[in-house]
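Below are structures written as structure tokens.
Presented sequentially are two complexes of chain A, the first with chain B as partner and the second with chain C.
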Partner chain A sequence: MGSDNPAEKALILHRTRLSNPNFIFTHFSNSPDTNYSKLKFIISSSVTEACNNSVLLLGPRGCGKAAVLELVLDDLLKEYPDMITTIKLNGLLHSDDKCALKEIARQLCAEHQLSFSKVASFDDNNQFMIDILRECGLAHKTVIFVLDEFDLFAQGKQRLLYSLLDAMQSVSSQAVVVGISCRLDADQLLEKRVRSRFSHRKLLFLPPSAEDLQGLIKHMLLLPTDSSISDDYTTEFNARLLKLLEDGRCKDIIDTLSTSDSTFNHLIRFIAVCHMDMNLGFLTLENFKAALTGVQRQPKLECLKDCSILELYILVCMMRLEFREQESYNFNTMMKEYSSIRDSFKTCDYYARNVCLRAFEHLLQRELISLVDSRGHTQSLEFHPVKLLVSAPELHLGLKSNRCCPAILQKIIDRG
Partner chain B sequence: MPTIVDRSLSSAAAEVQPNVNASPQKRMLRSDTAKQSSPMKLKSPRRFMVDSPNSPATRVKTELAEKLTIKTPVKKLSDSFLDKPVWNPTDVNQLSAVKEALHVSTEQPTVVCREDEQKKILEFCKQCVKHEKAGSLYVCGLPGTGKSLSMDKIKGCLIDWTQEEGLQQPDVLTLNCTSLTNTADIFTKILTSCQPQKKTRGPTSPLKQIQNSYSQKQQSPGMRMMLIIADELDYLITKDRSVLHELFLLTTKPFSRCILIGIANAIDLADRFLPKLQSLNCKPMVVTFRAYSKDQIIKIIQQRLKVLPYMVFQPQALEFCARKVASASGDMRKALGICRSAIEILEAEIIETKCDINFSAIDNGFSEQPTAAACEIPKMHENNVVRMDHMAVALSKAYRSPVVETIQSLPQHQQIILCSAVKLFRRGKKDTTIGELNKFYMDVCKSTQIPPIGIVELSSMCRVLSDQGILKLGQSREEKLRRVALKIDEADITFALQGVRYFRNCLQ
Partner chain C sequence: MSKDKTPQTTRRTTRLSTSSPSLSNADAKLTKCCSTPHSLTLRDLVFGGEIFNADDLFASLPGRRGVILELIRLLGPLNSRMLPLFLYGGVSTGKTTTVLQMFRHFKRPFVYVSCRSCYNPRILFESIINQLLLHSKNEGNGYSSAKRCEKPSDFVNYLQDALGYVINGLKEKTEKLSLKKSLKWVKGSMVYLIIDNLELVRDWDKSLSILPFLFKLYDLLKMPELGLIFISSASPDTYHSDTGYTEPIPLYFPDYTEEDLRQIFLRNQSNPKLYASFLDVVLKPFSRVTRRLDEISTAFSHLFKIYCEPLEDQTIVPNEETKRRLFSHLQPHIAPSLNEIFRVPSVCSENRANKEMVKWKLSGNKLGVSDVLEEIDFHMSVCAKYLLISAFLASRNPATLDASLFDSTGGAATRKRKRKASEKSMEQKDIAEQELLMKGPGTFPLERLLAIFQCITSVADYSAEEEELDHGGLGGGAGDGGLMSDVLLQLSSLCSANFISKGSSCPLEGSTRYRCTVDENMVLKVARSMKFPLSKYLYRN
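Moving on to the complex of A and B:
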């Protein structure tokens, strides 16, 4: 129990870090060249100099645009506690102008402890927003509008965007408009009037590069030296982790991880699946390997491992039919293919038609094949067009991993 | 002589930042930059002492400064410019004063470069008020050309003029048509402002009430004229265009008292949407606010900076910015925004050099510190103005698209998908199905020995790419039959992927 305590404490610390969605982005708060510091500079200079500004955050999904903005706003709220009001809108919920103005009015009322009336009309809400902007301008408070899914606000007549950006053209208001979008051409979607009023500032958020990935893993997993965990455990853990990360095989694992999906969430999921062995108390290469296979699961492969030989034959026949570009095929065509294989390759696996039909139904139930359209059940099963739900590489892997797969099948599928 | 200056400036600009494009296209064809040759040769026989390092750009700049002093109109301004002391960007007050002077919302005492248009509109309004006649005017122009700003000034001038002449001051109603929920609400607003005490509700609609009051002879003579300024007039365009027609027809009523000024972007709004007015012979007068030219942009920025007692920009940098903005859109807001971001770039650079100086001073040791600081100070003094390179970076940030960087940072399989899409579309067809794309993708993967992903994963990656605006996906019941097309330029993809040898060979 005593020797487990530091490992358990380390585990709890790691889990706390992983559950906080914004923690991984604090890695970027120190260097001056990152988007975090640029965004902080833009917004804080608008707050201190009392001028209006607008900025657009672009980048693929899962690259931390909303998270970095939240970190920046938290920092600014700590620095200037009374000078900032934040209004958050989302393009999926509030793209209609009436809804959006109502939501703005409601949030402003909540911030300033006024009572919000649900029956206020569009004009009333509009007037209220303009009045509050003017009041905040006089009191030197900045209102920050955060527009999530900015490209959805740019549909239709863009009245909300126009009225927000137009209000920023006057001296009396002090506002910052931050748009978040995953479309790279979001500013081309704006009308020319709105685009003219929108400043051209864009911050591009990119998924982490290979060196960044190393740095991020260290940031998430290295134990801090001033925590309640014992010092020698901490130093040993950190030393082992650093040595592990230098290993070439570990770098290969991380590269494989990022070939299909290199966003931050993917990395977090990978780290979350790394199970540290409690008895040993440190992370090893086997943990990383196990996590990689855990993340890149192939459920169909596990199904294929348990298939019977006849089912494998049926799958191989259908794969051959697909290779021959046959548009649609059904059970009967498949049986013809099966008999032609039997004739050409002289196999001894001969099964009767009704047994094949039973295997066919099994495959349907396990969803390795499926009916092309599920209507028209009046037809009997044999005439129904079907399609394969496993791809060729998956089938190859499945055949290799199946213990009772006859070697002839491998030859057939390689030939075909 | 001027032609040589122009050519050398534009190619110097191209050399300083080869990615900045002079045409208004948002996308730059990166294939063009690869063809650009080494730095150009100077044609002038003069040789200058080059004090700051190397680039032919600085030689061209000093050459240009000499040539600028020969040209007359620009000479006066640039001379007065160069007479002022250089500003100190580390001083917070100066920094905020400069930023405020360049902000779009800062009020200006006069609106320069729009004197002709303002005179025309003011004359029209004066005639209407003097003869107590109604009239309509249509102001058009691209965004950022000073229409609303001029209208504010004209309002003030008109009211002053009526006070001087002793005429009755007209009521002024300014409204922005985007703030109307219903297009017909404009008449309610007009009614409330011209008859504030009367009730606006009643059996007759507001439009009818106004029409009635304008069709009858006035009981009380000397009722005030009303000046209506309707901004963003195209929001009033409905399918049957009735609201717009009725609005302009108000001015044709026999006893009408309104002067209507409409502001919009389209030049031919009156022709396209108000054909009936032509037949009634009451077409509004049209005043066009043309896009700003390079000289006008320079003049406006210099007028804004005149309030500051120090010099902030190098004249060549301002000219560079004005030239680019004038050729792209002539939008003053953009020019002001670019100037402000150039100042921020200078600020960031100064902070960095200060850190470097501190580090180097610590390294050199205390005995050498005074000399190090002393030789840094004159260099900093010269470097405090916003130079061409700051302006070039600001311009490239404003006009470039983030597509190339995003493609370079995509995961490997998505890059392979884009590569196979480019190869597929080179054959002629511009769109295809996901099934076809899958086949090409598998071929490409086979040649690199990378294991391909299945079609289900492929279509979800295509969806991610279409989310970002790189591909365009159609709708279909079957996943395999969804149509796919490229939304970005093929040359951009080729340029972005040229760093990887495999893609370079593949896309040749």
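Moving on to the complex of A and C:
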């Protein structure tokens, strides 16, 4: 009981779980032939047998590559406490060789309680890394290099990759290089000499199947029985949740979700916007439905709903020019079409040129139209060729859903 | 009991004071005893001021109730982890204001940076670290940042240290204050990082690496006590990346509807009924053109002054008859004002504009589509005007016609008899007109410009001399020499004023080519001021 609402405690628990990738993937760590077990086998065998190894983890974004690697490393650190050193690099931060070596030296210093000097040069850091590798090799400690965004390391001269993989070729070193990339052809990006030193082990991470998704939702949302939340609330919450997940409509919602994007990240963002009603205290089907509409956004339609009437006129003029199959058009031809519409349809919305130019600029800002090849032209805006970024069906839908759209515009675009 | 330093002013009241914390050097200099500048405390990370409860929040942001509720749900209860958020919507839809007012209500500590004032990665990183380390740039440290930070790798390391320091400080304070029953000035031990104007990062040099880095910042830091909020006026699908990026949770701010605009304008008005009757008249026509708040408010402020002119007493409540009187006074001004969106009149042109308005009332011009002013409202020297006219002629006329147009007879002798236009030539005329609309003005080399300029000024001199002879005045004068002396100087100043644009020079094509980017109306005004017969020289097919 107490003053805290059990629903609020449950909410906090869910939010903590959602932001914690490790929790999500412990669900999958049990079965024998998953990537988790394969990866664990590779790394642990190279630790115990004191050999060098390299492996690439490939798969689309949001499929758990980095999270599974974290789980494996945590387990191995528990099993072999003093025999592993990990160095973590990221391609977004450390693709430059100097940065990368500085970071490696910094992490090695932090690990071995040495003082790190910021002004050490590239050669000093390089020498330091080679020395440490040799020392660790002699002491039978394995150094595991984790290279996140591996494809970004493969840009440029690949000096870092070469020096790492080359250092692994010597007998005295014990190192494992694990690369993580979302490009499935990451190993094709390597130079010949780097690729020859790379053992072509690749683990493919795929988005989960439908049953896996169902299991994951249960794993994320079911409240544990041994937490600080009251037991009655927990049992009732879990019972309601299980009943809800068995419902056909809920399964449809999950299927719709996974049809567009079945990665874990997408599911997590969906659950994050499933807001439980605090007064009721339990998740209902309406929460799921509302979250689904929140996730399925239509950005161009939102923009079109917000356009003012003059902006809609400009879009309709450009659409008519496209129907007439003019390959390129600019603001001046659009103004000519605008005045011809006014003559033929006798509309009352006729504004001066500079106001139309201003509305034209607003449309450019909203990214409903864009300049064709905006580089290398010294022309003023009125002569720049433009193109429409919405298609005809989208524009029709947008006109219908815009609240203040005059009926004559619908007629004009149909007549066009 | 606890003698915390009171904050000098409530921060975050204006958007200008964002990147560096405000100083109180002036105060320090005035008082003789304290010689050190005001140093920042953790209290400066929170929106100061009195308690701002939920009703005030909803009342101060009309039309945003749904969005605020969703945002509260996404932020979650105190000290709960948060996935990164991405708020987007049109320009001036209140995104930044909403977020800042929410943090004023919640009193949670936050750090705000805008990519408009931090225009490259180094300034962005250093600004964030300065705010977290409670470092202010002042004379003492030579206006330098706490740490020099250019690369993302350094930024991540410094940020982890700075966040750890701030969060520990906050945890200590909340433990101490939980024993006191008085109001706390800060709630929770999470820090929120707000990055505004993210769409400008797309135009930076290093945007290909900075944008994915910013989106992945939450995963890289692995600190659950940080909440990340991005604000952008472009929707997330316009952020392109080769290999994708981890997507934050999006939240859309729709544009204000007419009702919302009405409520916004009626806030803080000294005479709400008067302003409401004003809005009844003007809001509908203006919202057909645009519903952007910044543009409409500029136009309305000007119009409201005109609306209130006939009233002697500004505080009366208008009845029907007064409303009709005021409406008829305002009406001739609405249409011209509609055709000049977002024009802030300068002082002298306001006087002239008033005179023009008087002229229109008499002529009853309702459409207001035609030009406003008959003269150009800036000064140009005679030489510059002739140069501009020559540039315009050079851009519009094809080069082959120069010889015939600019010979001594002014092109009259070579004009043939007009034959009846055939179908084919009409089609060709249409096509040529279309091409002119599409391609725009043509380019010309410097020699051609100078040749035309010579021809025009010699003609003008000849006619000026004729006039002087007629009037019996002293003939001669500076004549040709005075005009030719600084032609190239005038040309370069016209180029820097963007009336003539200069193409890039290519060694294969010869000298640089120029292009006149002024439209016909402007050149007509210039020619009229010089009494130059422009239409005689323009090639119209």
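Note that the second predicted complex is superposed on the first by the 281 of 416 C-alpha atoms of A that agree within 3 Å, B and C clash if a C-alpha of one lies under 4 Å from a C-alpha of the other, contacts with A are read in each partner's own complex, and residues count from 1 in each chain.
The criterion applied here is as follows: a contact is a pair of C-beta atoms (placed from the backbone, for glycine too) under 8 Å apart; a residue touches a chain by one contact, two chains touch by 3 or more.
Note that this is a predicted model, so its numbers are computed, not measured.
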Query: Should A:R183 be classified as contacting the first partner (chain B), the second (chain C), both, or neither?
result: both
- prompt: Does the superposition put A:D166 against chain B (first), chain C (second), both, or neither?
  reply: first
Task: For A:K346, decide between first (touching chain B), second (touching chain C), both and neither.
output: neither
Message: Touch test for A:K78: chain B only (first), chain C only (second), both, or neither?
response: neither
First, second, both or neither for A:R61, with chain B first and chain C second: both
- prompt: Touching A:N52, do we find chain B (first), chain C (second), both, or neither?
  reply: first
Query: Looking at the overlay, does A:N354 come into contact with chain B only (first), chain C only (second), both, or neither?
result: second
- line: Comparing chain B and chain C in the superposed model, the one touching more of chain A is C
- request: Quick one: classify A:R415 as touching chain B (first), chain C (second), both or neither.
  value: neither
Field: chain B and chain C footprints on chain A, overlapping residues
entry: 61, 182-183
Parts of chain A lying in touch with chain B, wherever the complex brings them together: 32, 41, 45, 49, 51-52, 58-61, 121-123, 126, 157, 159, 162-163, 166, 168-171, 182-186, 188, 192-193, 195-197, 199-202, 204, 206-207, 209, 258-262, 390-391, 393-394
Query: If you look only at chain B, which of its residues touch chain A in the complex?
result: 26, 96, 99-100, 103-107, 142-144, 176, 178-179, 181, 232, 235, 265, 329, 331, 333-334, 337-338, 341, 344, 352, 397-399, 401-403, 405-406, 409-413, 451-457, 464, 467-470, 487
Query: Residues of chain C touching chain A in their complex?
result: 73-74, 76-77, 80-83, 90-91, 151-153, 156-157, 209, 212-213, 216, 219-220, 224, 233-238, 243-247, 249-250, 252, 254-255, 257-258, 287-292, 295, 338-342, 367-369, 434, 437-441, 501-503, 515, 517
Statement: chain A contacts chain C in the complex at 8, 11-12, 15-16, 18-20, 61-62, 66, 90, 92-96, 99, 102-103, 106, 151, 182-183, 265, 268-269, 272-273, 275, 297, 299, 302-303, 305-306, 308-311, 328-330, 332-333, 336, 349-352, 354-355, 358-359, 362, 365-367, 378-380, 382-383, 385, 403-404
